[in-house]
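The structures considered in this document are given below.
Note that subunit A is present in both complexes that follow, paired respectively with subunit B and with subunit C.
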Partner chain A sequence: MTNAIQKLYPSTKMSIVLAVILFTLMMPGYISQYSVFPIFIIIAFISGVGTKFLSAFIKSIFVLVLFIFVFQCFLIPSDTVIWSKGILTLYKEGLEASLLMTSKIIAISSSLIWFFLVTPIKDMMFALEKAGFSKKFTFVIYSTIQLIPQMKKLSQTILEAQKSRGIETEGSLMIRLKAFLPMLGPLVLSSIQQTEEKVLALEARAFSATVRKSSYYQMSKKPVDYLVISVIFIGFMIFVWWRFFK
Partner chain B sequence: MSMITMKNVYYQYPLEKEQVLKNINLSIEKGKVYGLVGHNDAGKTTLCNVIRGFIPSFYRGKLTGEIELDGKTIQEYSMGDLATRIGYSFQNPFTQISGVKETVFEEIAYGLENLGTAPEVIGEKVRELIAMFKLDALQEKNPFELSGGQKQRVALAAIIALDPEVIVIDEPTSQLDPQGTEEIFKIIDLMKKKGKTIILVEHKIDLIAAYVDEVIVMSQGEIKMIGKTSEVFTNKEVLTYGGQLPQVALLSLALQNAGITMPTIPITLVEAQQAIEKILSREV
Partner chain C sequence: MTFLQLKDVSFTYPNGFQAVQHINMQFDLGESVAIIGQNGAGKTTTVKLMNALLKPTSGEVLINGENTSKFTTAQVSKKVGYVFQNPDDQIFHSDIYSEIAFGPKNQKLSASEVKEKALHAAELCGLTKWLEEHPYNLPYAMRKFITIAAVIAMDTDIIILDEPTAGQDRHATKLLVDLINHLTAQGKTVITITHDMEFVANHFNRVIVMAEKQVLRDANAREVFWDHELLGKSHLKQPYISQLAYSLNLNEPIITLDEMVSAIKRRINS
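Showing the complex of A and B:
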């Protein structure tokens, strides 16, 4: 992690996200909200995660936004028809509602995707614990994130075991579905069984100790963090004044 | 000096019809290594869970009798206190990884962090353990990417990091190759030299014979035999409880049946070698 932006303290980066969320919600219209996306593409490239950012955005948010956009456009009826063909009718209000909603989703999700790409989980957990969150809370978040690849690995093992017993796992959607359902039982049961053993293993590591947890991994806020937070705060106050009091 | 005492302990798991532990009376002396042996379902792991306090705080069921650690009943200790008094290394290496640490180094440090240990002390202790467990090449690896044997070593190191007075080790070598097994037993020996009290559940009888001070034989939830390793492992009664004797002891007993009497029944390779040398010198 050599990039200066990535090195920022997690709460500094989170304050950028919060400012974007508030700006998105307070600002009328959709042009400013849509403009957040290209700004974050630039920030992501400066942060050294540009390609990952675009890939994550297209894989997750783009499809969702497209789906919402199309549905909103055609499902909100009004008097002003922009375009019509067969059963499909595009209304003006529908289009406006789609633009408003998707612009907000795009702005907020781009800031969040950027945040998770430039903030290692370790840093996030450290900052949360330092901020006074209980170790149970951080444990649940952290272990869930780590559990996903483990569950994937376990499901692969179960699938291979089933394949070796002659169950068809590849082919049409129906065949895949048929193979998927019997896999769920062992996957869920073994996960529950492992949870019991894991609880005991955690107890053996003094998880229930009542003293305040320490951390070998250390990070702290630097002058640049205070500078960024100050700039964001002042900028946001100017925006609020301009938006509501001018 | 007795570290752990158990008097008339009985235990029955919830929804089970039969008791898993029956009439357990046991005194674990400070600084000794105990080998807990017996067939599968003899009650060895359950006994370890009772000693560690997981029964009844985690597994409910019906527990009767007295269990004392260092003069205080086990219930008087909080779970956090017990972690620093009794270390527990589990049989399954895959569930012993905390799941919240990204490197082996951090995994070993996790327990110390939970105890609020200062970062500089954590660093020092973990580095010492990494050298002791020969984990230098693995310290930056994700614990989930390790093999079963490597995970077992990391888990044991993480427990020893808490510096408990008593260490309960449940089948530590079930996933290890001969070299890994040897290394674990060397660490157990080192812990013994440091004055730790160790309760070791293990099926590798020859290694038990070489390293432990006393042997506890369990069968059907009861302690059938308890005594010095040299006494228990030379007694054929062990076999009647589904237990095993060391290979050299079995050989010696077979030789006795064939009319070749050994001065003593050996239980380790070294003792066997000495006994054979004596016989040979007698014949010369």
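Showing the complex of A and C:
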């Protein structure tokens, strides 16, 4: 981790995310929310994770946003019709609702994707523990985050095992759905089994011991962290004043 | 006649990792073959290429003369069965009979044929008395036999077993050996990936040694386990009985306990 942004303390990076979330929710309209996305593209490239950011955004959020946008556009009726063809009618209010909702999703998800790309899990857990959260709490968070890549890998193995037994997985949506069902049992059972084994392994290493725990891994806030938090705090206060009291 | 052939096969994963390079192998029906090698040698990738879970990035895999690149894994599964290392990746039915019968059902066989094949496979794997049980009520070792039975029931010409002896006790290993012998006697080819050198020395005549993504040797077990240069290159160890024979300077390429007993008897008698 050589990048100056990546080296920021996790809570500093989280404060950026929180500021973006609050800004997104408090700011009316959608233009400023949409503008958060290109800003985060720039920040992601400066942070050294630009390509990963774009890839993660397209894979995880883009389709969802597109779906919500189209769905809302055509399903919220109003008096003002913008465009119509056959059974499809685009209403003005539907379009506005789509823009409002998707702009918020894009802004918030951009900040979260950036945060998870520039913050290693162990840094997050360390910061949470240092902030006073219990080891059990951080373990639950850690396990949940770790579960996603583990389940992805496991589902790949299970899919291969089922393909080897003659289950066709390539073709129409129906074929894919049929292939999905035999995966669920082994996936859920193996995940539960793995979690149980992990818990036992942790207990065997005195996870629940009541003594004060030490950590090999150390990190602390630097002056730049305080500077960034101060700038965010002041900037946010100015925004609140401008938005509600001016 | 060669049934399965890998011709100059190489495979590179999408992340750029090359797993096997210029592999050549051929298998006739009725053979039992062990593929051995250290972790990362390319064994699992090689067998995944055999049942079309992976398609070669260069070279070709031919089953009965037909290139697997034209077929899906599900289509190839009618000819090549693959038993995964971890049975829990495969089992999803709530009773053992349904689990075993799933493969033949997928092959669109008649109900009577499905039943016949499932019951036969269950009998071979010693599962007949537990057919109504939930698979997870059986211990890990027996769950492995459920997955083996599930593949046997598909009546494929080739059966690939990935680490079949891992976690198995003596009784289960004996059952496994009987099973392999039975299948090869029926004209099926059994290809086994294993790290268990004793198992290989005792039960496999043909052994393929892989190291660093390539095939180093394809020979009989005796030649392989007494080629110290080959074992060094592939980071493999001799079976314990061969190590003992070597340490005792018996000057005989012993690979089984029976051979050791005979050698000692001969020396005592002389």
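FYI, the second predicted complex is superposed on the first by the 191 of 246 C-alpha atoms of A that agree within 3 Å, B and C clash if a C-alpha of one lies under 4 Å from a C-alpha of the other, contacts with A are read in each partner's own complex, and residues count from 1 in each chain.
In this text, a residue touches a chain if its C-beta (ideal position, glycine included) is under 8 Å from a C-beta of that chain, and two chains touch if they have at least 3 such contacts.
From a predicted model like this one, the values you see are computed outputs, not experimental measurements.
When both complexes are overlaid on chain A, the residue A:90 reaches neither subunit B nor subunit C.
When subunit A is checked against subunit B and against subunit C, the one touching more of its residues turns out to be B.
Looking at the shared chain after the overlay, A:143 reaches subunit B, while subunit C stays out of its contact range.
In the superposition on chain A, A:189 makes contact with subunit C only, not with subunit B. When the two structures are aligned on the shared chain, A:17 is found in touch with neither subunit B nor subunit C. In the superposition on chain A, contact of A:163 is made with subunit C only, not with subunit B. After overlaying the two complexes on the shared chain, residue contacts for A:214 are found with subunit B alone; subunit C is out of touch.
By the touch criterion stated above, A:122 is placed in contact with subunit B alone, subunit C being left untouched.
Contacts of A:100 after superposition: neither subunit B nor subunit C is touched. In the superposition on chain A, no subunit A position is in contact with subunit B in one complex as well as with subunit C in the other. Only residues 154, 157-158, 160-170, 182-186, 189-190, 193 of subunit A touch subunit C when the two sit together in their complex. Those residues of subunit B whose C-beta lies close enough to touch subunit A in the complex are 52, 54, 58, 78-80, 83-84, 87-90, 92, 94-100, 102, 105-106, 109-119, 122-123, 126, 144, 155, 158-159, 162.
On the side of subunit A, the complex with subunit B involves touching residues 121-122, 125, 135, 138-139, 142-143, 146-147, 149-150, 194, 197-218. If you check the complex, the residues on subunit C that touch subunit A are 48, 51, 53, 72-74, 77-78, 81-82, 84, 86, 88-93, 102-103, 106-107, 136, 150-151, 154.
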